[in-house]
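Each of the next two complexes has chain A plus one other chain: chain B in the first, chain C in the second.
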Partner chain A sequence: MSEKKQPVSRRQFLNYSLTGVGGFMAASMLAPMVRFAIDPVLEATSGSEMHAVVDVSEITTEPQRFDWTVNQVDAWYTSDVTKSAWVYKDENDEIVALSPTCKHLGCAVSWASNPDYPEEFFCPCHEGRYYKSGLNVPDTPPNAALDLFEYEVKDGTLHLGNIVENTVQEGGA
Partner chain B sequence: MRWKKKDLELFFQSKEYVDTLCIPLVPLDLQTESEATKLADQNTSLQIILDELERNYTGRIMLSPAYTYIRSTDYESESAILKQWTSMFSNNHFKHIFLLTYDVNWKKHERLLDSNLIWLTATTIEDYQSDHAKKWVNEQVLQISELIRSYW
Partner chain C sequence: MLQKIYDWIDDRVDITPLWRDIADHEVPEHVNPAHHFSAFVYCFGGLTFFVTVIQILSGMFLTMYYVPDIENAWRSVYYLQTEVAHGQIVRGMHHWGASVVIVMLFLHTLRVFFQGAYKKPRELNWMVGVLLFFVMLALGLTGYLLPWDNKAYFATVVTLEIAEGVPVIGEMTKTLLNGDPSIVGAQTLARFFAIHVFFLPAALFVLMGIHFIMIRKQGISGPL
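== the complex of A and B ==
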């Protein structure tokens, strides 16, 4: 966390897998050719930034939380930011990767963390609740479903990208 | 939430939901290199823990800018100033105020404070990206948040 003076250091190139949108955009502006030389992951996803998160074999039908770190560059700051997702396979064997950010005021929700609601996501801040699909439980503070991450499976590894709106209408299984 | 324009705007719209304030207490000392680097390191680790706490409880916890002071201070007068901070914040705003620090001197002077003191025992972490460090941070955050939630 000390050597953040140069926007594109050699180390950052080598650390591409931890490098977020901003850092990587800076890198690609300065050295567009290098990008293709580094890694196949990047070729496939030159549009949006995908991060390797977990081996698909670890994903079960029970939502689990996975964390990863991205290097985020805002106008004046470079910082390592930890991100999280709740990931599971639904009844059609499709991967679902939900953002943990509560749609009320942004606390992190957890699966089955409240013994009264073992089959729901629960927000510890003001008792917001969500079904497994991410849909918000009526009459709790949140007024929208948990967002989803764009995802991609490459060589047995789940990669997560941008956050997109979750359009589910019904509760999960 | 943080002391940032965007967060404060949201805070003023949703005040009734954001009832908890965390203030890091950060001592400074430049007399010897070993002490200075130790304090700087503790500052980093406290900040990482609080960032993570804030990330998990954004909607209910406001993270204050650090209260920074000279370590060889007279804790009696320092605590008087700190009380001015906490009374300004608690006045119609925060129901729960927590002071977080590695500085054991506050523990000794706890009776002078009118907020909840959370004293963390120090540790040295070489690489904050290591799995070991991440686990340690998660554990600290879990314990602190459990403590804070017991006041809610």
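== the complex of A and C ==
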């Protein structure tokens, strides 16, 4: 028999089929397990939910910290988690609700907590600073403005929802 | 491409003899079902190993969600089974595989017994096999408690009673397994988990290694 008639030898054929069958078996065994493991990555994030935070009349032009409680479902563990926001009314009487999470490494910032910077948000971890609008002060560690909360006012009460990016360009009042 | 990578490595560390030694060995005619179909009885050892591999893999993946804590064990199992994609399949593999592995192990033992394959010079391998059998039973027993449902709990209560029935050291053995002289609870679950995922698998790997090295060294027993 010539080489032309048999481009695949008996040995090669057996090798290929055994590798193929073995590969198929291994894949069908591993597929459910891998899908199982990567499930948290593929799971869709839950939609926005608004939570009542504070009566609008309490909001002033000075940023104040308000806390509220969210019922958090963490797989098989359910608990109440406290969240906070720095809320004030800007010069146009618009409500601004800033996330207290520093954009540098995630510590909690607070308003006027450093006597050297009375009109700024200050992060104690690495002295990150933000203007009142949430914009990061140049040449301090953070490289983005503090995030904003989505908000709506219902029946005179401020409701806060998801965190959104803050696109502010100016320092603010 | 793959060939080139292989050659590059083989050039430097000479890995070919390593895998050839494991993969290339003659299958005697009396063990080959293509020659005598009845030779299929020789497959049970390999099948036991195959199912053991499934058990190890599925078990590793299950611990990504499972927590060995009396408050959360059942809930985490329920969660991974109902909420996580393919959770039911992965847990099902581990659950049914546990039974299948015992069946395969038993068939393998029967074959070796009725063929007299345990006789000289393979007595040591038979002994190691018996130890492997005990380790497997212990794995099944400790794993049974982990879902922390009623069946698991009361089966373990009975198991511990049996352990207590051992003369002289019974009570000590029970407390050792239980983690507490009387309460079957938090400590029991944590202990059984540790035994199930660390201690017994470690023993299993060592014994399997010895089992396999010996069979390669001595070869499969001759035809009847």
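Just so we're on the same page, the second predicted complex is superposed on the first by the 126 of 173 C-alpha atoms of A that agree within 3 Å, B and C clash if a C-alpha of one lies under 4 Å from a C-alpha of the other, contacts with A are read in each partner's own complex, and residues count from 1 in each chain.
Everything below uses one rule, namely that contacts are C-beta pairs under 8 Å (C-beta built on N, C-alpha and C of every residue); 3 or more make two chains touch, one makes a residue touch a chain.
Please read all numbers here as calculations on a predicted model, not as lab measurements.
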First (chain B), second (chain C), both or neither: which does A:76 touch? second
Going by the contact rule set out at the top, does A:89 touch chain B (first), chain C (second), both, or neither? neither
Is A:65 contacted by the first partner chain B, the second partner chain C, both or neither? neither
In the overlaid three-chain picture, which partner chain does A:154 touch, first (chain B) or second (chain C), both, or neither? neither
Look at A:124 in the shared chain and tell me whether it touches chain B only, chain C only, both, or neither; answer first, second, both or neither. first
Dominant toucher of chain A (residue count), chain B or chain C: B
Both partners, chain B and chain C, contact chain A at residues none
Which residues, counting only chain A, touch chain C once they are in their complex? 29-30, 32-33, 35-37, 39, 42, 75-77
If we count contacts the way the header does, which residues on chain A are in touch with chain B in the complex? 1, 18, 67, 69, 80, 82, 101-102, 104-108, 123-126, 141
Of all residues in chain B, which touch chain A in the complex? 10, 14, 17-18, 44, 52, 55-60, 128-129, 134, 145, 149
Can you check the complex and tell me which residues of chain C touch chain A? 54, 57-58, 61, 64-65, 72, 75-76, 78-80, 83-87, 89-90, 93
